[in-house]
Amino acid sequence: MSTEIKIKKRYLAMFLIPGFILVAIFVIGPIIGTFIISFETPNGFGLSNYYDVITETSPTKALVLLNDMPRPPPWGALIHNLVWTAIHLPATTFLGLLLAYLLRRVYGRSIVKSIMFIGMVIPMVVGGLIIRFMFDKYIGIVPNLCGLIGLTGLDKTWTSYPDTALIALIIGSIWLWTGFSLTIHAAAIDSLPKTYIEAAKIDGASDWQIFWKIIVPSVRAATLTVIVMTMLWDLKIFDIVYAATKGGPGGASTVLAFVMWLYFALDLAYGKAAAVAVILTLLTLIPAAIYIRQVMKRG
Amino acid sequence: MVSLYYRVRRIRLSTIIINIVVWFIAILWLLPFIGLFMVSVRPYSEVVLQGWWTILGGHYTLNNYIQVLTNPMYDLLRGYMNSLTIAIPSTFIPLILAAMIAYGFSRFSFTAKNVLFILILLIMAVPQQTMVIPMFFMLKAMGLLNKLIGLILVHSSWGIAWIAFFMRNYFNMMPREIEEAARVDGAGWATIFFRIVLPVSLPALASAAAIQFTWVWSDFFFALMFIYSPEKMVITQKVVTIKGQFYVDWGLLSAGSILTMLVPLLVYAALQKYYLRGMVGWASGKG
Amino acid sequence: MASVRLESVVKKFGKVIAVNNVSLEVKDGEFFILLGPSGCGKTTTLRLIAGLEYPDSGRIYIDDKDVTFLEPKDRDVAMVFQNYALYPHMTVFQNIAFPLLLKRKKLGLTKEDIKKRVLEVARLLRIEELLHRKPGQLSGGQQQRVALARALIRRPKVWLMDEPLSNLDALLRLAMRAELKRLQKELGITTIYVTHDQAEALSMADRIAVMNKGKVIQVGTPDEVYLKPKHVFVGTFIGAPPMNVIECRIEEQDGKYLLQCPGFTREIPQEIMASKLVKTKEIILGIRPEFIEVIESPAPDTIKGKILVVEPLGSETILNININPENEETIIKVKLPKITKKFRPGETVFLKIDWSKVSIFDKTTGFLLE
């Protein structure tokens, strides 16, 4: 009896230890380290880093900047992340789901899927550069189209103006990320038994009714996954911002991860950078908790 | 003819509308890439004046590509080499270590299993920003800051969690009889793992490798934090430096962008099936 | 060449007792079959012998050596799995050679030796042509042979088989039964074979252990378990159609013992009279369908019944006969070897039971009353 357990323990250790050593030293250690650094202040341990970053009013580094509303951005990095999520999350989730459903009747659907998925494959830095390109006054398609249909106010390089920079990035991120929702939802719809839809058709349901009454409820788990992953992605956004606007102009398109980097790389204020990182991490724990619950339930 | 007639007649109006709408969206989605490509193969001076959409009558040249690759100001070639040097080991090191962890999780039961598993899920969820500051000082202390090997270490450790999660789900669905047969045939655990389990899981390993490789290749934040000398910079760092401060040459920038995304796109094209399976597995936990 | 002995082996999975105090002795060179319905513990018993599971208590011996907690590789057993468990990434040759390759150093084999042995086994199983294919390119029957070859190559002490024929189609299964038995006798390897198919067990085994709910109910030759079931479960699990069971009462009247069954009452026949019997009030009477004669006209010592269903099966005919007008469910199945007369549903017939072939079970315990 005991020999069996001993043998098993030895083998188990052989499998787990090499990987976990690396994870412990280079992932878990630094994560704990960030929390510690965030409390380190010139006057010993305290909350002053958090107080400072939250009350910061410089537009490029502020987390919340909602004085004299309503007005165009900057509204603060945290608000930008939230606005980003509020637009990007429902848009990509729904568009992807709808397309996944419509695709069943589209000729060349695998090509369409591949096209939509490119945004998920390319480096996000390149995604950011392309967003800048799309919204460039001279060669970008969006400002030129706006000019063509008479929207003269929008006939400009969107990423260079505070009132349009953030929305340009959000639109661009919808373009990049819809393929994710489409792919996950298409996989879920493909795994539904064909008889589901056929039975509904025989019962006389319209395509629209089938979508809302059959498809949407039966791919709930996939939708939840998409929502959670999209929330995490929206919170972590950095590369796009760096490549397209560098958070500008004047902090009009900055986000939490970018502010963290500013504190770290420009101000060399490590405690403040760590405080922003901790705030960011705590925010990701909300979708993470949903995700973990879902995974553990499935076993 | 008759059958064709019936087939054509059977297509419903809604199907036609759906096809038009969906294909319109698809082309809209593709448009930025087409534009990027057009700008990259034409002189920028011409594109600025005519717009890249005027396809006819323009001049076509590979000058932009040659420039970004070889001009020491941009030096994308070195970026390419650095990115490859980092991405290849950063794919295979975590792959093997994570597969071992996953196998331990899938085939043994032990007291701390649930705790460790939740830890892995948590690591998957937290942002890179959570660990970079202490990591910066650690690498500095170890003399690995601004070294490719340091970045390999970071990427390898960071990749273990999600690959372990992905492979665990795959192993959980893999029938155990083959391993039991090997045990009865006289194989020990190490033999079973390396000679039976890993070869049999090649499809899943290919999925994980495809995704991990593209992610490492595409990474920008870790590189930005831990690499600062121009000759050590990876491709994603190199490409953003192409855009100048005042005057942006979109010809060079678009050629650089295309070169940067070429490698992930090729991986995706070559391993599409595995790539998509990996993406679904990463997100929804289905192996 | 080896004997296998299990002593009071218990295996629990959580709260479920999969194997409940099982003791068995398999003799050298014997073809021994563990027979039972799914979930009866037969596969777990086999896995305990293989070393894929370890018992919670009890001991397992191979050739009088205690192997209870040895790793499978140290037991010198080979196993054939239900779905064959061939290594999908290896060719047939590599599959068969794998067990030898692992012990190459220990056995002092050269590559040539291994090749020779593989070819030898492949010839024995007539799969020489397939050696370069992958398992995915083989039919079920071919995969089966490869799995057998892999289990033979090491010349193990004990051959373990977990329902190896259940994934084959019906015709192939019959052919493989004969071939497996021939192979086993030719090589003389002690074999422990698990199946839920009673016909397979009867046709192949030297001895059968019938299991139910984790316990061994009876161990015996095919004839013994078929003709002299020790428990009502054995009687009803073995045979197609299974043994007829009729719940009866025993009453004492004027110094005589009466057998009261649904549909008929009679004095206990001399053939089954036993001292144990008269002490028990509630019994189950078991009689196999082929030991009942069907007579068309009333005769002494017969039971009146009505034919409900006639099942002609070619070489034999099964009649379902109701013997209790008050209850449609009281049915006796009768197997007629030859079609002497065409019976029709609805006909009234008279059944004559061969009382020397009747088994009487205690209704409360289910065990045979002897």
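So that you can tell them apart, the chains are marked A, B and C in the order they are listed, and the count of residues begins at 1 in each.
To be clear about the criterion, a residue touches a chain if its C-beta (ideal position, glycine included) is under 8 Å from a C-beta of that chain, and two chains touch if they have at least 3 such contacts.
Note that the structure is a prediction, hence the values are computed from the model and not measured.
Taking the mean Cα position of each chain as its centre, A sits at the greatest distance from subunit C. Of all chains present, the one whose mean CA position sits nearest the global mean of protein CA atoms is B.
Chain pair with the most C-beta contact pairs: A-B. In this assembly, the C-alpha centroid of subunit A lies 61 Å from the C-alpha centroid of subunit C. Between the CA-based centres of subunit B and subunit C the separation comes to 56 Å, rounded to the whole angstrom. Distance from the subunit A centre to the subunit B centre is 16 Å, each centre being the mean of its Cα atoms. Counting partner chains per residue, subunit C shows two or more touched chains at residues 71.
Those residues of subunit B whose C-beta lies close enough to touch subunit A in the complex are 14-15, 18-19, 21-23, 25-26, 29-33, 35-36, 39, 47-48, 51-53, 94, 97-98, 100-101, 103-104, 108, 110, 116, 118-119, 121-123, 125-136, 138, 153-154, 156-158, 160-161, 164, 189-190, 193, 214, 217-221, 224-225, 236, 239-240, 243, 250, 253-254, 257, 260-261, 264-265, 267-268, 272, 275-276, 279-280, 283-285. Residues of subunit C that touch subunit B in their complex: 50-52, 71-73, 77-79, 81-83, 85-89, 98-99, 102-103, 150, 154, 160. Those residues of subunit B that touch subunit C in the complex are listed here as 175, 177-178, 180-188, 191, 196, 199-200, 202. Only residues 8-9, 11-12, 14-16, 18-20, 22-23, 25-34, 36-37, 99, 102-103, 105-108, 111-112, 114-126, 129-130, 132-134, 136, 138-139, 141, 144, 175, 178, 180, 183-184, 187, 207, 221-222, 225-226, 229, 232, 235-236, 238-239, 242-243, 256-257, 260-261, 264-265, 270, 273-274, 276-278, 280-281, 284-285, 287-288, 291-292, 294-296, 298 of subunit A touch subunit B when the two sit together in their complex.
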